[in-house]
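Working notes for the structure below.
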């Protein structure tokens, strides 16, 4: 490969990596709150698809993409409250509650889409968020196409990395979240309402996941499809765990996964002689390898997946 | 719904689809074809549609159920229906079965198939002639036989008209994750590819979308996808299943089905089941030379002077 | 000498250790009630923890709350702090009837509480833990810097010596307790509840705490002090309330003439048995011997250094010492759960260091663990299953492949009877039983296997007097059966009652091994880390 | 006699809240059906008919029950040890792969090849499970992630096999393997239906599972699940049992894969397990991790799935609505504790007054 081609290849790879890791990063950031507060929400996949649909419907009927984003966030919030109710109020097993949420979410989204749009010859489409071009910054060689040629949701997601870090480390709310996940009884004795904080965290997780869903339908693509989340919610849950509940590391983990995915596609395209299934499996293999590398240090929030009740000893 | 009425003399037809009837692809083309025939033969047939019979284990009960309910003709739209249909057909010798691709037939079982190779060939000619960078691409879902045939013919044809051509090829490993396909296509465009054909299914929308955001050219599949991106979808191929369906139904009505020797119904360029879609707004930009070469290829394939090999892995 | 006094007074409750001059402060007693709790009733699954308790705290006074383990002291205070809601009864603060539904309500009423079990989040720093309980001045943002400065200031002022940036898990128990106290002081409460605050403090720290408390009292704050240490109560309290089995059995002003005997009688309902002795047992051959044992803890810190002692069949060796001086790790080593870094251990002729936990059990080493709920019992399982944890694979329980439900049941029934375990049935979930009965389950399980070596860690911690005596009797029975027994306890009363010899551990070292005749003062000195020359059996 | 009445009374008491929960879920779904122009009663009648209407349909329900039941039993072993094995799909797939590999490529007499292929499946499952268990025990690698990732990896591995080395040479390039020899397939129990002898294998596994929890190993596994600390103090090696648990837990889905290959598929194709893994998680938990409970839960769920398909076929109910009904049933069944808590509160109140 000539030098020039090599640079082009890397630019395309990195720009693609950023784009494709956003729908993993967004729900992962939300799940950092949720998991930090002690709740494992395996229903992210379901929430994301609900978000994707709501985002699209909102944007389609109002013509406003931002209204679409708003509807996705609200829908994600509302839908995640089911998880909150099951895991916090009912104190149900979180694995089954999350599974139920995924089944319900994927079916409900598919059902509502058909109800709203009927059967069409061609799918309804909208104009999705365009790439921003900060004062022509995207024209800067190399750096431009990698960093300055994305749509606004990408930058929003990157901002949310910082924002999530800030909330968790610098605000009273973040401190409460950590306390609730580690030692709910202590939090309770300090006057923190454990259930409320957990509800809020589940809801925030839902909002971020909803946003992640909207990114897929109106940020990345321009329409809704039943299978457009394609396991990204589950990947997000993994990313959260192996980034050890740290937003910055979550960004790297999402980039890593996204990068592996883009890399396999680029390698396929340029005709690397490896069966494509092996390349397709690459991101997942990489995830396990990284997980094994970092796990020794992983200490789960002490109250992870354990419901809290003041009266039980 | 199914007609319970005994006095109804119409042929009871069931169409079992593995995906959604509005997937802008494989399933939708068949659905549309069947709808056309149903309207045409409103007094002769009554059709029941079932979508998303995706799990292989659920196929046989579905077929058996329709057979047991007294349906006269059952379509299974995919090769995964082959084994179950052969098995059920033995138990219901009076029922007719039609299998969408595959290779096993029986007294009451026929195969209908599309010569995607011919379609791919035509697309390859177009891409080879239209490219300015001498780099073209093709994106497919899973690497299965009919898709493979299309891709191989595409590559062969492109090389035949443009010896300098470089071709990038990608399988996303999935029929429905359009976002991944979009990123794959984006990567191709980034590396200098200026025209991509996609070989169908939900992922095709990702390629169309990539063309739109990158403002490059793409070619559609299955249905005329120009409206999705009028400035980017230069052409494509579309299937018209109606003639083949009509053919099968006529055979049954005329008692020709069971004793027919050739149990293959082909959708071909020759019988206009596979067509090149119009150029729409690109009409004026396409040189007469290109139009002529394409037309020659169509004629050649139709009258057998050009023989597209039956590629096999 | 003063230090020694404090040290000794920390240690036992049965020894009357009044110093020359009464330490009680001559403070004015203000009559205005700060807290009135009237006819408080609270039951846990039918068993009353507080039964129609009245309690009054006056402004500017220190009120001692006494009672044996499980008497309901913590429960009463948890109710005042809003952690539990009472079944019935009223609470008045400064004369106003109030409903305290949560700690938040309590804090708004300016009630602060230092809990018996640390309420600290281990992964957070000291500053963060303190910030948890107070409203930030910069809400919604944290005012870390300000709080941090105040911590340094307060900690300097009261000599608490706390690093505001340390994570809780990095701190020693004593330091953690100081963080708890600091948290309470920080909030500037009108009413301060301290639930056994000195249990893990060093004598110096205790005295510092008391001077803080005196200062706070003089500034008008009402303090409720729960303690098992009567000396402390006599030293600082203005009044005491005494609970027994959830019922209030007395309330009295503390005057210079108040004696410990008086208080004890109210607490226990009778005079404490001073000469609680077992049958005379012939001491046999050497069962366990440790030679220069060394070990490190989970954090890699040296916890045991050159520990050497031996125990003979039919002998009880008491291991006295303040918690956290290596006792826990020693017990883990003896049961095969922890690796050592040096030295040898022999069980009769066998090398114990190479044994797996399973082999230790097979060699009849049994253990009554100090934290029964965490490492002794499966709280969600029923009584009978908890009773077979150590012998589920024995012939008496297992058939060829399967555990026999019938035999498990039969065994459970006999043990329930024999050990007088109060339970509705063998299928009752252990979580629902009282602490005493939970302890009896462990006792039954560990003793039923006829131990060669029995390690009893704090066997009576958290037990009422009846259960306590029962447990001690059972341990003596094992001795009579010829078991070698290592009794680990911070309770000197227990150590003196049961032991044939007493080893004192301090900072991972055996300070000395003495006979019970040596007297309390000597042991007290050893526990405080002051070495003596004369020993009665350190076999080095 | 008295005991029987008492037992069935307590059974009824335990089942009643679930029945109530299912009723409410169906009621709510009924509104959705009605709102989209379907007659809920007719649809539900179809659903019931589809699951139990005639011998063939009941047989289909049982055919579906077999893998769900076995995977759920496997999953439950891990769950009982508080290990979240959500890799049922992958483990099922490796079982199927091993089954076909031996059945097609090992030229030994059938009577050896059949048991050999079963052993191969079990071993394949154990290798995956053991790997996950080792990673968890030694490296502290969270098993939720590893099992999930293995699902994807194995899915692509299967895809590679059927498109590459194991593709049927006479299959015209379709992504599937050869059929296993007919003589090796599990015979039908009721001629004319697909119900095969795998059912007996499933029943044997249920019995074994039932007994397993009474064995020493079963006891030790549940002990480790409850508390690592207590288990260790009781002389049970926690690490060893984590690995063992994952091996057992993965071997069962692999057996389910074997049964499905020998009972229905006869070959490998892509996406063999479909939604089985997810349903099995739900079934294991709804069945209370108890073999008998799991039998009923899996029967119920496969009836829901099979009947749901029939409802979809003949009432034109969209596939997604069938999924919604499933989701609602799970949610409501989880909520049944609300009812139980409500009763408990009432009981306590009555006691106090």
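The chains carry the letters A, B, C and D, assigned in the order they are written, with residues numbered from 1 in each.
One rule holds for everything that comes next: a residue touches a chain if its C-beta (ideal position, glycine included) is under 8 Å from a C-beta of that chain, and two chains touch if they have at least 3 such contacts.
Small disclaimer: the values here were computed from a predicted structure and weren't measured.
The interface with the greater count of contacting C-beta pairs, when A-D is set against B-D, is A-D. Put simply, the C-alpha centre of chain A and that of chain D have 29 angstrom between them.
In whole angstrom, the spacing between the mean C-alpha positions of chain B and chain D is 36. Work out the mean CA point of chain A and of chain C, and you get 47 Å between them. Contact of a single residue of chain C with at least two other chains is seen at no position.
For chain D, the set of residues touching two or more other chains reads 156, 159, 163, 318-319. Counting only residues that touch two or more partner chains, chain B has 143, 173.
Checking each pair of chains for touch leaves A-B, A-C, A-D, B-D, C-D. Taken together, the chain D residues at the contact with chain A in this complex read 32, 36, 79, 84, 86, 135, 139-142, 144-146, 148-150, 152-153, 156-157, 159-160, 163-164, 278, 281-282, 285-286, 318-324, 326-328, 330-331, 334-335, 337-338. Looking at the complex, you find that chain A touches chain D at residues 40, 42, 82, 86, 90-93, 95-97, 99-111, 114-115, 231, 234, 237-238, 241-242, 275, 277-278, 280-281, 284-285, 287-288, 291-292, 295-296, 298. Chain A makes touch with chain B in their complex at residues 5, 8-9, 11-13, 15-16, 19-20, 23, 119-123, 125, 128, 131, 145, 216, 220-223, 225-228, 230, 261-262, 265-266, 268-271, 276-277, 280.
By the touch rule above, chain B contacts chain D in their complex via residues 1-2, 48-58, 60-62, 64-66, 68-69, 79-80, 82-83, 91, 101-103, 142-145, 148, 173, 312-313. Every residue of chain C that touches chain D in the complex is listed here, in rising order: 46, 87, 335-337, 356-362, 367, 369, 374-378, 380-381, 389-390, 392-393, 398, 401-403, 405.
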